[in-house]
Every structure is written in C-alpha cells, then in structure tokens.
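Encoded as structure tokens, the structure appears first; notes follow it.
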Amino acid sequence: MKLWQKIALGSTALLSATVLAACGSSSSSSSSTDSSKVTGTVKLWADTTQVSYYKKIVKNFNKKYPDVTVKVTQSPNGSANAKTDVGKDPAKAADVFEVPNDQLGSMADQGYINPLSPAATKQVKANNVAVSVKGVTWKNKLYAFPFAEQAQTVYYNKSKLSAEDVKDWDTLTSKGVLATDFTNAYNFYPVFLSAGTYLYGKDGETLTGTNVNSAAGVAAMTWLAQQKQNKNVMQTSNALNQLKSGNAAATLDGPWNAANIKKILGDDFAVAPYPTVTINGKKVQLQAFQGIEAFAVNSHTATKNQKAAATLAEFITNKQSQLIVYNESGQIPVDKSAQKSDAVASDPVAQAVMTMGKPGYSTLMPMMPQMATFWNLSAPLINGAYTGSIKAADYAAKLDTFAAAISKKN
Amino acid sequence: MTSYHAQRRASLIARYVLLALLAALWLFPIVWIVLASFSYNDTGFVSTIWPKQFTLSNYTGIFTSTQFPFVYWIRNTLFVSLVSMVLSTFVTISVAYALSRLRFRFRKPYLQIALVLGMFPGFMSMIALYYILKSFNMLNLGGLILVYVGGAGLGFYIAKGFFDTIPRSIDEAAEIDGASRWQVFLHIGLPMSKPIIVYTALTAFIAPWTDFIFSGIILSSSGNAKTYTIAYGLYNMVHATKGTSTTYFTWFIAGCVVIAVPITILFIIMQKFYVNGITAGADKG
Amino acid sequence: MFKKKSNLPPAATYKEVWQKGDLSFKLSFFFMGLAQLKRRQWAQGISLLGLELAFIGWLSFSGVSALGMLSNLGANKTKRVVFDNAQGVYLTKLPDNSVVILLFGVLAVILVLAMIGLYIASLRSLRTLYVQVRDGEHVATNREQLRSLLDSRLHLTLMVIPIIGVMAFTVLPTLYMISMAFTNYDSKHPIGFSWTGFKAFGNVLTGDLAGTFFPVLGWTLVWAVCATVTTFFFGVLLAMLIESKGITHKGLWRTLFVIVYAVPQFVSLLMMAQFLDLQGPLNTLLMNWGWISHPINFIGASANATVARITVIVVNMWIGIPVSMLTSTAIIQNLPQDQIEAARMDGANPFQVFRHITFPQILFVMAPALIQQFIGNINNFNVIFLLTGGYPMNNNYNGAGDTDLLVTWLYNLVFGQTQRYNASAVLGILIFIISATVSLLAYRRTNAFKEG
C-alpha cells in the first residue's frame, strides 16, 4: 500500500514534466492538457480483481479532471473476452475498457472502437516502447492506449535447475521436468514462428501472409511430436500444482501468474526468458506470443462524452497509472521511463518479460479479424502433432488446410 | 429348508454389500468435494483425495471478501428465488389446471405450441431476452424474475399430469351443486394438489440457484458484483480473469458447498413429491 | 358436458349482422366494443375499444416504422470514421442497429397478429350479441359477464397472464432466433446486417461448417441414445435392488443416491472435471493403489476421443441413474403383482420374471417420459459444457471438440470469439427439426405399441 503511494507521488511529478514537454513540442495540435474543459460521464470496465486499484487510479484522474464523473465497474467476463462482451450490446458496454491487442483489428473493423486522435497518438508513440505502439496499430491508426506487455517466460525451481540449464530446451528437459500444456495454442503455436514461418506476414496484417504450410512448418510439427517422447516434458492442465508437488521443476507461464508461482516456490523461485530449441537440427530461439494489454474507447459512447472517455483512457495508461497497475498486479509497464524505474528494473519477472519483448524473442500477436478462427484451429493442430493423432505423413496436408482456413476472407 | 434359508441369507448379504458399494461409489466424489473445500491450496488444483492441509480459511475468506460479495449474492438469489417461486407456482398451477380440467378453444393449440417451443435450444433467445429486458430498463434482478416467471407457463407437464389423475366426477358433482368453476378450483382442485404445489414451488425455488449462464447475461451489464446472483458470481469468480482461477479456486469450492447443502436438503425433502408428479404424469403420457 | 359450439350452425352470418344490425353493430366492425357498450356490457366494451385504440396509437407512433424497417433491417449498413474537430477525437458514425430493428419488427408482427386474433374474437362475440338481441334472448349484464370469468370462462382468467409471459419471453425470442438464421449476422456484420435467405443454412450443411456439423450430429444422437438407455436401464436395476425383499431403510438408501442429483450441476460437474483430470485425485488414487501404471487421460483436451466419450456417458450415469431410480421405484411399487406371482408359480426364475414381465411393464409406463428424456439429452448442455467443455480437441473440426453436442457447439458459435450468430441460429433450427422428427416417430411407435 505504502509503496504504490510513493511511486504514485513520485511519478506524478515526472508525468507532468513529460506532459509539459509533449505539449511544448506539439503546440499546434489540439492538445489534451486543458483539463478544465474536459467534462462528461464515463463508465470504465476493469477485471473483477482489478476494480479496487482502478478506483484509486480514477481518484488521481479526478484530481486533474474534476469535471469528469467516472464509474468503475467490473467487466462481465474479463478483458480476455472484451470483444464478445462489447459485441453483446455495444451501447451498454463501458465507454473505456481493457482489451488484449489480438482483438483490436476485429473490433476496429466491426466499428466497436474509435481510433486515437492525432494528439493522443503522438503522446502514446512518444512515451511507450515501440513494440507496444505497434501492438495497438491497425491499418496505420492506433486503436487503443497500451499499458502492459505480456509474454510467457520460463518459471523454474532454482534448487533443481540452474540459470545455465534453462537457456536451452534440451538441457532443461534433460535435467528436470518441464510441465506445460500442449493443448493451449498460446503456449506452442510460437514454435512454428521459431521455425521461421510467418503468421499473416511479417507485418501481421497480410491475410495471405501465412506460410506455415512449408518445410519449416512440418519441421515445427515434428518438433512438437518429439516432445511426446521426452519423459521430462509433462503434459498437464495445471502446471502450478506440479511445481508445488515437486513433480516438475519448470513451467512456461505469463506474468499474470508470477505472484502465484512465487508463493508456491518461495525462495526457489526463478524466472528466465524462453530457451533455445533445436528444430530440424538448427538451434533457434524459442519464441513466445507478445501480447499488449490496452484500453480502448467505445465508439458507441455519446459524442459529448467522447473527449472525456479518451482522456480517461489516456490517463489510466500513463506512466503513473502503469506503475500502480504494475505494483498491484505485476503487469509489466510499457512506458519507456516506467520500464527504467527502480522497481521494474530490479524485478526479474519484468526483466524476463521485457527481454521476451525484444525482436527475435517473440512475435506480436496479429490483430486480424481471422484470429478467432486461428485460435480455434491451431490448438487441435498442435495437440494433434503432440499426441500423434496426426501422423507425420499428413503434416503437410494438415498444414495446407489450416493455412487455407485461417486465410479466408469470410 | 436350512439351505434355503442360508441361500436367502447369502442373497440378502450379497445385495446389501452391492448396495453399500454402489452408494459408496456414488458418494465418493461428493465427499471429496466437501473435503476439498477445507483444503489449503494455492495452485488452483486439488490433486489428492485427502487434503494435505486442513483450513477453514476458504469459508472465512468467501464470507469476508469485499471483492466477491458472497453474502449479497446469497441475499439476491434468495430474493429472486422466493419471488419467482411464488409467482411461477401460481402461473404453472393455473396453466396446468386450466389445461387439464377445463376445455376451451385454444387448449389443443397451446399444448402443441408448448411442445414445439420446448424443442428449440434457448441460447439464441437469450440475446433477444437481453434486449427485451433492456428496453424495459430491467437488466436487474427484477428482469431475471420476469423471465423465470414468463417461462413458467410452459413448465406445466408434471402438474398437468397430476391434475389428470384426479377423477373428474368430483368436479362435476360440485358443479351440479351450483359451485362455480373458480370455487371448484379454489376449494377442490388446490387442496387436493398440495404435493404438486410443493413440488412446483421447490423446483421454481431451486432454479435461480443453479442458473449461471442466463443470469450472467442479464446481470453482468451492471458491472456491480453486489447485484449478481450466486451461480453467476461463483462461476465468474474462477472464469473472469487470468490467474484468479488459481487464487480463488478453493474459495469457489467453499462457496459451492455453502449453497449445495441447503439445496440438497430441499431436494431430499422434495423427492417424494417429485416421484408422485413424475409417475402421475407418465401414466397419462 | 361441454358445449360443442363448433358443430352448431351459426345462428346468424356476419353479413346478416352487418346488414340488419343497428348502427352500433355496424360501427363495431370498425370500433370493436361499441355494440357491447350500448348494451351496458361495460367491462367487455371498454376493454375491446381500449385495446383497439391503444393498438392504433402504437401502430401510428412506432408500429408502422418498426414493420417498415423489417424489410431491410435498417438502410444504413456501413460505418464511417470521422474526425470531430471541436473535441479533437475520432468518432464513428455507426450503421443502423439491425438487432434491435429485427427484434421490434418481430414484436410488431406478433402484435398485429394478436390484434387480428382479437378482432376475430370480437366479431364472434358481436354475432352472439346480435343473435341475442334479435331473438329477444337474455343479454348478459356487465356483472354476469364479469362473473363468467370465474366460471364458464375461467380458462381466460387463468391463462391470460401465462400466455402474455410465454409470448413475451419465449415466443418472441424464438421467432427472433428463427429469423436470424436468414440473415448475415456474424462477426463481419455485427451491427448492421441484412436478409440473405438460406445462405447461412448452406454454410452449415455444405460450407465450412459441414465437416463439423455431420460428425457432431452423429455423436449427439449416439450420446442421446446411450445416455437415455444407460440411465434408464441401470436406474430400473438399482430401484429393483433397493425394493427387493429384505432390504430395510429403503428411503435412506434412496436418499444416499439422490444426494448426487441434488447437488447443483455446475458444482458437481465442474468438480468432477477436476476429479478426473490427468493429474487429478482419481488418477493419483489409482496409481497409489497400483491399479494403473500411467494416469488415464479421461476427459482432457488431448484425451482419446473414445475414452472421453465413454467417460461422459459414465459420469452422466452417475448423475442420471438416481433420478430414473426414483421414477422407476414409484412405478415398481404400483406394478400389478398378479402376473409376477403367476409367473413365479410357473417356475420362472427372477431373471425371467424381470426380462419378460417387470421390465416391459416399466418400459410401457415410462415410454413417453423416455422420449422426453431423449430430447432432453440431445440438448444436455450442462454435462458437456461443465465436464469437458467439448474437449478432447479434434483437428478435423471447426470450433468444436469430440464430445461437443450440437447445443454446446451452438453456444460456442454465439458466445465464442468467432461470433457466428446466424450459423448458430441455423443450428438451433436444425436441432428443433431433429428433436421434432425423433419425437414424432417415437410417439407413433409407442402409440402403436400401446394399442397393439
């Protein structure tokens, strides 16, 4: 409690400095700093467990924008389901809500969300790391305010594995058991990317840019099949339980579970970026999906509240707010200076996630509307290769159907 | 003679053993659920039958949590189920009585339409129901009650089957004595149908405690956890956010046990009426 | 006992009412209730006239536009993003909201039909009134009419509220769902959509969902048969075991089993899923006892399809047998004993008695309930959704798993990320057709069986 207050106070000063600097450089554009003019009533959705600290952030917001009434409520099914929750009735949905970046393209095309104003775009681009800006850019426009980055990393038990061991998949799994879930495409589709294929092209926006139906794709399938033979790779629906019982020494997981894992492993807790893997005889970096969490503004919001909504979304994703969120829930900030702050710099989880954010370690989740189909079809594919229900001879054919199905214009 | 007795004795023992085994098999998972609700757990997964560490913290946690206003959920659900119980029973019994004892022009069409409506899965309708309630500004517990009661007009089968078994001659005698049909309904029909009223009422009472999908669709748009019902609240607890399923899983189990106990007791009370209703209905087809 | 109104020739034609009736009768063809009002039948007259006026008011204020927009579900189908200079933000000009247009259009159609029905009913009562006046019969007073609502027209009193409820909360949503199947309401057209005829049916039956639809349909039918038969058969056996001679505390034994059914399913099934997990308590226990050397993947996402399917049927037995045990208990208690005694005298062993007498008798009584159960199992959402979530995965399917039933798949299409609303409406209609066909055939057969 005390800590966040300190950080909040410290960063307010920093923030106002950056804001001042930003508007100094862009005095021509209609800037968002004239706080007295912003009025309206705005509803904000936060995940069930996050309501409490978003209320605090909104309190800060109201210090600066006293004429905006903000109602913080919990979203129906969590931010992971933002698209369907908003889609059920956009008019009743919140004016500002959290959304993972892979749903942005489809929500933008469907007309659920508004693009950012030029002034806000400039601000976001200036303050946040490049990957997070790219993560919210769809067809050359920004559609949401990024505030956190997510990528899976290796969490392991220090007493059983050394930092050296976890640098390579083969060494890791020869020295200890890695518990993971092959039925989750988020975990293992990136193997295909590691093998050198693209999902929706290099830019992630090309419908026909998926080239997984190739020799590289088959090699990735082969790698997945090999894992079934490896006794130290454990298929489980609950890796944490295996870590706790000592059956497993490592797992792949995201920062949202870091606190839980810390509790389980205690002093033996350690974290590292993904290891390298050997696909088709070549050592390559195992990639993860890079996800950007962001706040978007509902296009159904009444015109008179649009400005207030955009201002709120911008405020709750500024550096100060990002740090509060980081403190409360361990979500890794994307603000450049927030990433350099002491708390983040000394946090091994944040460091590992940020390493995963670098090029070569991860691929940004594409934003294509076809991603919904992609998730539906990729998991059975990976699972089929892993369990052996897809025979090696059929890999190429299966990948062809898969690539065709996710590249349909529909 | 002794061998015959011995054989019967052996058969009885064998049957008792079989019954005991089956009962144990049936109750084993239930016992495990109760045990799991007392287990200390921080991985969101219970992998053993006997908890490694007993704790009451799941129960204290769920009753004192501000994030998950469990007591509000119980209160809301109790409110919905009591009101819906009274109104739904009234509706169901009226419809069942009318369809069974009275003859009127749209009786056959109503029975047929009811049969047809029952064969459509309800999920698409939920979207429509959401918008209907929204247009009345009733996306709240009241709207939920309205929908439960609105559906009660189709749940008449068992009660109708029951009324069908009451001989019609009783009504006729009363009518010859000058009683109006309303009086027959009030003074003859209703008193005789006590078991089926209890059954209908209890069914209507239990429904809101187990409905986690529709109540979620209606109530979630308020965004205020204090307005949820228990089934959606508990379901939401482990499904809403990444990581929460880990943290709150044992709380979830504890919450489930808290509501499962009274419902189970109610159901056990109800089983007699259930059997009467079902068989009476089945006889007639 | 009951008046057979329909068989009597009408005492007057509508033409006669129109030609020979006084002005109030003539006017009543346009303004319902006037003739009744003139004869001091206040309640009937006022309600008829009031309803008509309300209807006309509604029609002119919103009904006509609601019906009109039904033809194209809103003219504006495209969204435009514009920059608002005053506020310095982008705004989206949204298409017309077809969901609401369709819903209120369907509502308008229902109201118009209801009004036509009411009009016909009012004509009928007008004719009765005319005959009474013409022949000098007693014309019911206002008080008598009101009293008849508790007597000869008690059905109206009892049914009016339920019917309104069913109309608003079941008929309207169902019609809305059916019409949705003929639109292109999907993730590409989430706000403004249009009529597209049978295109969505094409997608499901021959398009990209066909490869999933037919296997899932097959499994749904297999599941429904297995689930119904197993719970029924073993329920009867269990009931007979408890009812057999010498067993004491029968009620207590029954209660023990019923507890399982009484626990809310979202508790018992969600927990059962964990109980059966690859690393769950059951596997741990079996391994500790040394019964198995490797954990069995019962229902996990990567389980074997056959294993998972058998598991869900077995778990369904766990939940379903207690109910069918209760039902068959009551039937067994009421079975005529004479046949059984006679068979015993003839030296039939217990198995033969069961096979040839008891079981057929129970089956005979239970047949209609079994058909209902079968339909219920086709739509058995809870067991699959809560227990397996449709898993194991199947790489030949599109958005469904090996244990998915049509109804759980439908749920995924509506509430899942793919947002294929129209396809799910098509599935809903197809499920209805299947259920209707099956029950029609089954009722035919059981009727023949009963009569033969």
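Order of writing sets the labels: A, B and C. Residues in every chain begin at 1.
Convention: a contact is a pair of C-beta atoms (placed from the backbone, for glycine too) under 8 Å apart; a residue touches a chain by one contact, two chains touch by 3 or more.
If you want to know which protein each chain is, UniProt gives these names: B = Maltose ABC transporter, permease.
None of the values given here were measured: they were computed from a predicted structure.
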Remotest chain, chain C as reference, centres from CA atoms: A
Dominant chain pairing [most C-beta pairs in contact]: B-C
Distance between the centres, which are taken as Cα means, of chain C and chain B, whole angstrom: 17
Cα-centroid distance, chain A relative to chain C, in whole angstrom: 41
Residues within chain C bordering two or more other chains: 277, 279, 415
Two or more partner chains touched - positions in chain A: 237-238, 241
Overlap residues in chain B, where contacts from two or more other chains coincide: 45, 47, 127, 131
Residues of chain C defined as touching chain A within the complex: 79, 81, 83-85, 87-92, 94-95, 97, 186-188, 190-191, 208, 277-279, 300-302, 391-395, 397-399, 401, 415-419
Chain C - residues contacting chain B, complex: 1-2, 99-100, 103, 147, 150-152, 154-159, 161-163, 165-166, 168-174, 176-177, 180, 238, 241-242, 244, 246-247, 253-268, 271-272, 274-275, 277, 279-281, 284-285, 318, 322, 326-327, 329-331, 334, 365-369, 372, 375, 379, 381, 407, 410-411, 414-415, 421, 424-425, 427-429, 431-432, 435-436, 439
Contact footprint of chain C on chain B as seen in their complex: 8, 11-12, 15-16, 18-19, 22-23, 26-27, 29-30, 32-33, 36, 45-49, 91, 94-95, 97-98, 102-104, 107, 110, 113-114, 116-121, 123-129, 131-132, 146-147, 149-154, 157, 172, 180-182, 185, 209-210, 212, 231, 234-235, 253, 256-257, 259-260, 263-264, 266-268, 271, 274-276, 278-279, 281-283, 285
In the complex, chain A residues that touch chain B: 43, 45, 47-52, 71, 73-80, 85, 88-89, 92-94, 237-238, 240-241, 243-245, 254, 256-257, 259-260, 263-264
Residue ranges of chain A touching chain C (in the complex, touch as defined): 29-30, 32, 81, 83-84, 87, 90-91, 103, 106, 110-117, 119, 181-183, 235-238, 241-242, 297, 299-300, 303, 306-307, 310, 369, 371-373, 375-377, 379-381, 383-384, 386-387, 389-390, 398, 405, 408, 410
